[in-house]
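Chain naming follows the written order as A, B and C, and within any one chain the residues start at number 1.
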Amino acid sequence: MSAELSLLIALGAPVIGAILVLLLPKPPGLRDVLHIGAALAQAIAAAHLASVAAAGNTTRVILARPLPGVDLAFSLEPLGALMAALLAGLGVLHAVHNAGVARATQDKGAQRLMAYASLASAAMMGVAYSSNLFTFYVVYQALTLATFPMIAHGGDEEGQRAARTYLATLLGASVGLLLPALVWTYAVAGALDFRAGGLLAGRVDPLTASALLVLYVFGLAKAGLPPVHGWVSAASKAPHSAQVSIFALSVLPAGGVGMIKVAAYVFGSALHEAALAARVLLLLVGVSMCVAALIALSKQDLRERFAYSAMAQSLAVVMGTLLAHPTGLFASALQVVALACGAATLTMAAGAVYAATGRTEARDTAGLGRVMPWTFAGLAIACASMVGMPPFAGAWAKLWLIAAAADTGFISAAVLAGAAAILTFAHLGPLAANALAGRAPTDPFKRADGASIMLVAPVILSGAATLWLLLIADPLARFLSPLWMGGS
Amino acid sequence: MALDVLIFRAEIAVALVMLLSGAVAAWASANVAKRIVGLLIAHLGAVLALAALGLPDAVLIAGTGVALAHLIIGAALLVRLQEAYGGVEAREFDAADEQTEPTEPTP
Amino acid sequence: MIAEGLELARINSPLLLVTGPLVGAALAAAIPNARASWAIAAIAAILAAVLAFDLGWRGLFTAGSTGVSRHDGAGLFVVPLLAGGGALVTLALGALSKDVSERAAPFAHALVLVVIAGWCGALLARDLFSMFLAVETAWLAGVGLAAVNAERDRAALSGALRMLIAGGVGAALLLLGVGFVANGVGEVRLLAFAETRIAAPELTSIGVGLILLGLAIKAGAAPFHFWVGSAFGRTGAALVLGALAALGAVAVMVRVAGFAFAAPDLGAGVAAVLTVVGAASVVIGSLHASGARNLKRLAAYAGVAQIGCILLSAALGSPAGLAAALVQMFAMLAAALALFGGGAAIGGVALPSLDGLGRRAPLASVAISVAALSLMGAPLTVGFLGRWRMIEAGVGVGWWWAACAVVAASLAGVFYAGRLIDRLYFRKSSAPYVGEGGGWRWLFAPMLVVAILAILLGLEPAWLLTAADAAAARMMGLAP
């Protein structure tokens, strides 16, 4: 199977899957098979592409030529290949989980949620494989459009309002801030390609670089930096299975991957010129991480708590990229991996709990760990990873982040990251502990047979995924090295 | 010589005054008939200015023709408006139209 | 024999493009039967479109003789758009018979042809005075069309009156401007700007400024936009006016500006006028579109905002700027055909009537949505292409505000156009669907399909960009 074909399958299979799921929603078994099948096809293609990238090869697919000199093009490079393979793999687990939730809650419109999740997944693949800023912008917008209907899925007034807030925040930030940044980059550099070593390297003075950095960081609202973070609370009103897609598999990772690509391939060494803005932004990011973790502490609804928790983790990604150091970029990449695995586990666990017991509040989960042991074991692992406890993925990411902050002299950033970790422990730790150690509630389940395997297995498997980072940290560093080696 | 220039400037001035006052009357009046007359005055002012500038007769005649066309169409609209609304004040039209305007209900 | 006749037709195509539709109009008006008159009008419009495309093809892509001067680029680009759009609109009029009384229908068909003939004539005219006459003919026919459904909705009369008054004042300014230019340059030939020395530069500048102001009033650009809302909002001919009249007026403005830029004395004044009017139009058009209460007003004010961007592009005064303006005109026509056409096909005008129509009127909903995307400047649409070219051109001469204007227009577009898509697909409909009935409904299809395809040209726009660049080069006198 050639690399081009794999790329097309990785991008196209979820789209086809979405269409098929919408066309053939009954019987439910067929719908589930189509949904999971599409996710599997995507994962296999992405895995193949990752192996191609590991061998040092690359490929390029051009879908359209909308402007002279600017193509709608997708290509293979280490960061994108890694992210795509990871998210596609988690996507298979999510597809299975989605099917389980649909069966357990008897949702009549489940095929729409599945279709939108598939489309979001396709857009996320596009983000990972985009080879220039224009393509990135197009799929970034497509991702917003694919995810906002999920928020209004419940059909009630509150959901529709939340969906409109979500859309307004993300579209407003991307058209008002990201698009000008794009245009300015084009004016300065004459091209929009992602170039190793930085498209803007050597072409910008400090003022321009700082201004551009500010535009990009706030324009990439999906990374979750205040004040453009309003979409997070809107998205936390979405159904549980939609949250997996939004916070773990497509929207937050898109912001993170976008930040890394911009920092590595658009700025490159020019990031040093933007030190002025970077300092201020780092402080903002650090403080926001702590504030987000605090807000998560105050939320009782599991969806909202996990949403803000994920937002805090995503801000750690931004922090890593702003440090303008290879270690920082590596830390950010690891953090995206940890974020995806951890957030996926948390949100899928919340979905499993809701589907099996109908409970959504944190205080109601006390003791549930005794009747849903696998689910809460996965949740506990994910909590540990998000907090940054070894040997889970989050620990390595945080470690490299603090090392990078120390290397570049931003001690304040390191301190704030540490504080955020403590606050994360505060809002996740007791949750896991109470669930596992408390007294088991009588009659928690809505169905006699408890939570089905389709609900539970993905949770524990994605929890286990946070462990494998331990094994491959070193090869990963070599694999990702083109991120910071080109030209600098 | 100086008298010629003076007359020329006076003609242009008169033409421009006609043009401006006609335009103002056309835009600002509430009465439809006054608006059409204002329009006619404005057009005639323009034609006068052209005459003062010494353009060929064909241009002047055609310009007057356009003015006449506006007058005729305006008169036709005036008659139809009178039939439809029973009056010739713009305020009445607007008020009546507002009532039948398809609007968006408050959410 | 036939080949000779065709060759004769080709050489004289500018003249034929004006007289042909006029003859067709006379025939259509003379026949009392509405359907027969529509058929004649449609045939005339299609023939004109064929001739126009042939003219444009020969002029822009080959070096064939066209019968227009070598400086005339705007006409070569826009006349095919006008004639093509006119043919599609005339076809679609066959389906709008319920809006117009049996008595008025032949006149409506005739007036549409006169509108087409008038604006094409204005774009192909060799001298300013003929241009003035053509503009006035087209404008007065437009006024007549605005009142065409007066028997069903008397508010159309009020709108037509506003249009007449505004256009009339514009005509007076236009006439005065033409006179000043004739006096200042020494003759009335349009091309004289580039080819002779100007005897009285200030008078000519004032004259050109007056011409542009007069045309701006007719285009509905801000701050002369007050007639747009009421004229478009209640007329049955919004489709014709929105697609053809607005495009024609702004195209004539760009044509005059293009010629004026060739003369060094006049460039600065022209640029200033276009900049002010353009910027005001973008802001005011976007604001009004955001507050619009029905689809026709929204589309009309969105057109005003687009006109603003076109004028700002033209104000740049470079071939790149003019080419960007031409591409944006293409985008404007496509969006107008899709929005007004989709609205006419659906039949409802108030925004709530759009709720949930995504399923029940699929083609019209897709057309409106695609037009909304183009207005937002979503990438891969031709609207994005036009705005991108404008930014490129602006950055090329150091005018950063061009980028700001585009971003502002796009943001506003996200708001008001996004509302359309929201209503079409994400709301449940509350009222029973009263669409256009009968088999004649299919006459909307060609227009909607062409509009959708035109907007999606943003995916692979190479020939559009080539045509626009060739036309702009001609206008600035750079073509061989």
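Assume a contact is a pair of C-beta atoms (placed from the backbone, for glycine too) under 8 Å apart; a residue touches a chain by one contact, two chains touch by 3 or more.
Predicted, not measured: the structure shown is a model, and the values here were computed from it.
The touch graph of the protein chains shown is a line. Put simply, the chain nearest the middle, going by average C-alpha positions, is C. With centres computed as the average of Cα coordinates, no chain lies farther from chain B than A. Separating the CA-averaged centres of chain A and chain B is a span of 64 Å.
If you average the Cα atoms of chain B and of chain C, the two centres end up 25 Å apart. Remark: chain A and chain C have CA centroids separated by 45 Å (rounded to whole angstrom).
Chain contact summary for the complex, chain C toward chain A: residues 376-380, 384-385, 388, 391-392, 395, 403, 407, 410-411, 414, 418, 422, 426, 458-462, 465.
Here chain B touches chain C in the complex through residues 19, 22-23, 26-27, 32, 35-36, 39, 42-43, 45-47, 49-50, 53-55, 59, 62-63, 66, 69-70, 73-74, 77, 80-81, 84-85, 90, 93-94, 96-97, 100-105, going by the rule given at the top. Across the interface of their complex, chain C is touched by residues 64-68, 72, 134, 137-138, 141, 149, 152, 160, 163-164, 167, 171-172, 175-176, 179-180, 183-184, 186-187 of chain A. Residue ranges on chain C touching chain B, taken from their complex, read 129, 132-133, 136, 140, 143-144, 147, 150, 153-155, 157-158, 160-161, 164-166, 168-169, 171-173, 175-176, 179-180, 182-183, 188, 230, 233-234, 293-294, 349-353.
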